[in-house]
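Chains here go by letter, A, B, C and D, matching the order in which they are written, and residues are numbered from 1 within each.
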Amino acid sequence: MLRVIAVLIAALWVAGACPAAAADTINPDADFKAFRDYFTKKFPKVPLNDFVNGPYSMDAGLRKQWEAIEDFPPYDFAVDRGKEMFGTPFKNGKTYGDCFANKGIGVRQNYPYFDEKSGEVITLELALNRCREANGEPPFSYVKDEMASLTAYMAFTSRGKLFDIKIPNDPRALAAYQNGEKYFYSRRGQLNFSCASCHVQSAGQHIRTEVLAPALGILAAMPIYRSEWGSMGTISRRFVTCNSQVRGVPLEPQDENYRDVEYYLSYMANGLPISGPGARP
Amino acid sequence: MPLKITTNSRHDRTRRLLLKSALGGLVAALALPWLPKWARAADGALWPKDAFTQKTEAGAIKALYGKEATASDQVKLDAPEIAENGAVVPIAVSSALPNVTSISILVSENPFPLAASYKLPPGTTAMVANRLKMAKTSKVVALVESDGKIFSATKEVKVTVGGCGG
Amino acid sequence: MANSIRVRAVASGDHTEVQALVQHPMDSGFVKDAQGNLIPPHHIEVVDFQHAGKTVFTALWGPAVAKDPYIKFSFKGGQKGDDIAVSWVDNKGESDSLTAKIM
Amino acid sequence: MRTIFAMTGLVMLAAASAAQAASTQADFDAAMAAATAADKEAAMLKNRWTPTEQALAAAKKAAAAGDFDTAVKDAQHAEALAKASIAQAKEQDTAWKAAVIH
């Protein structure tokens, strides 16, 4: 229902039929500029490209420990495993590479994208499982293990490439974008926190020893090896745990809301380099 | 021999397991002499169980070296002031002292303070970097064995997210 | 099953710097599982590094070494193309080994 | 007048505690139905809270053990939490816009 209304609003905006309601229009470009300005003004000493390093961009003590861990990062195992999986054909002889542009190498920065055929946001994790299913293989769990290994490898081959998320001129794409924005700013859970409460207003602040990562570029390092988890986790896992942390019941991984918020955040990160896989406390 | 070799029933059990797994371990190596040398190098019997199960820092040092340590500015201990997560704390130790034969690291407040001990044959540099778990804020003690004497350096590392899970 | 050991050994000047990462749970014996039962200790006890048939470094590890443990050291000698042999054994008698080339 | 009022109050208190001590399966079923309905509405809005789920589980556990007093109390708590989560979702449906970076 909400989606329908948003589509209508978007349709009106695209048609230019609603010029007076400026506050309610969807303008990703203006959002993008405001979002980036907010963070670069809040953290004037952090070079723009360093935002993809999350908490390490703003705390020297943490950065030193991180650099020590990056000397030989625990996600290396996941990258190697992902590479091996990528090179192993399915039972039908096809491979993951057959499902992606450029055989899946160096394409992470283009995800998620809005698929105009199906009218929905396609994330990398979703594309990987759809690839499996299209080739007669059962899907993987979205949160860790195999999915983290596959995305770790794909991110690794895309390091340094700049986020290039497009919003096609399609009211449904704009609606998905706005739904993601709405999800990002809506308070939820018994603690009444939104994603933005922690990663916009409180970005850079300490919770115990952890430093809250700024929302700008926050997905660039995914998937991540978290010391707290003692294992790899995907973007799906990060959203699910964020919800639990504010005492909200998480949605199913790859729920439309999660995909839309990934779309929104990735669009906000346009022009920033992929740095994944990453290591985080 | 800088480290005491302890024998006990658990290590005997380890030996039996090693025999079964036919990889690694002295007994397995003797039984299967055609295994490449590297496959039998690590030997669980070398592990100084007594030192690793001491509950105090002093007890662990005594069990490991049989003597006390002297503080020295020749021992360099590189550890963070605040650990980002007690589950993974990068710690490095180095020394310019001569003839260093072993380096050990203790975390005083851990249930078992001795975390790791390294044996350095002649020719190996007196430097080691590793990652340890810390249950809570604690003194970290680096020990360097040089010419048979034990020298130490100490640093406090703050931990607010403990490395014991839960 | 992929090997549990990752080694990077780089010769520079008259020294070789060795870094290794091992995939191992390093369970301390103090952590409870989801059901509230203590996970028994399961950790590597000994790691041995050899070059040219000689041990160049021995690590003795307790349960306080972090999960997926990491180690860095350096020894005199070693040339590009030489073998570095690494092996570990844990408290359950499990073990693994790997030979890598010095870069 | 005042005395009567006070007496009535006492009687009511006594009645209330008597009723509380005698919570039945039927009381629990009613409280649980209300809580579950509210939780379902929260789920439709994709805005469940974990404490609601915990209170529902606690209520079921107490009822299974025959402790209907606790079961009813937990179910009512769950209903209150679920209703708060519904209110949050409805409020945030528009309130989020005020938080957007401009």
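In this text, a residue touches a chain if its C-beta (ideal position, glycine included) is under 8 Å from a C-beta of that chain, and two chains touch if they have at least 3 such contacts.
Remember, it's a predicted structure, so these values are computed and weren't measured experimentally.
J.: Where the centre of all protein Cα atoms falls, which chain's Cα centre is nearest to that point?
T.: A
J.: Counting C-beta pairs in contact, which comes out ahead: A-B or B-C?
T.: Answer to which pair has more contacts is B-C.
J.: Per the centroid of Cα atoms for each chain, what is the distance between subunit B and subunit C, given in Å?
T.: Centres of subunit B and subunit C (C-alpha means) sit 13 Å apart.
J.: Taking the mean of the CA coordinates per chain, how far is subunit C from subunit D in Å?
T.: Here the centre of subunit D sits 55 Å away from the centre of subunit C.
J.: Whole-Å distance, subunit A centre to subunit B centre, using C-alpha means?
T.: The separation of the two C-alpha centroids amounts to 41 Å.
J.: Report the inter-centroid distance (CA atoms only) between subunit A and subunit C in whole Å.
T.: About 34 Å, centre to centre.
J.: Could you check subunit A for residues that touch two or more other chains and list them?
T.: 69, 71, 230
J.: Where in subunit B do residues touch at least two different other chains?
T.: Residue numbers touching two or more other chains: 87-89, 92, 129, 131, 165.
J.: What are the residues of subunit C that contact at least two other chains?
T.: 67, 70, 72
J.: Kindly provide every pair of chains that touch.
T.: A-B, A-C, A-D, B-C
J.: Please give the residue numbers of subunit C that touch subunit A in the complex, ascending.
T.: Interface residues on the subunit C side: 2, 6, 8, 19-21, 23, 67-68, 70, 72.
J.: Note which residues of subunit B are touching subunit C in the complex, please.
T.: For subunit B paired with subunit C, touching residues are 3, 10, 13-14, 16-18, 20-21, 23-25, 36-44, 46-48, 52, 87-89, 92, 107, 110-112, 114-121, 123-125, 127-135, 163-166.
J.: Subunit B touches which residues of subunit C in the complex?
T.: 15, 26, 28, 30-32, 45-48, 50, 53-67, 69-77, 85-97, 99
J.: Show me the residue ranges of subunit A that touch subunit C in the complex, using the header's touch definition.
T.: So the residues of subunit A touching subunit C come out as 69, 71-72, 74, 76-77, 80-81, 84, 230.
J.: Any idea which subunit A residues touch subunit D in the complex?
T.: Residue positions touching the partner: 2, 23, 31, 34-35, 38, 181-182, 185-190, 192, 194, 196, 200, 244, 247-249, 251, 255, 257.
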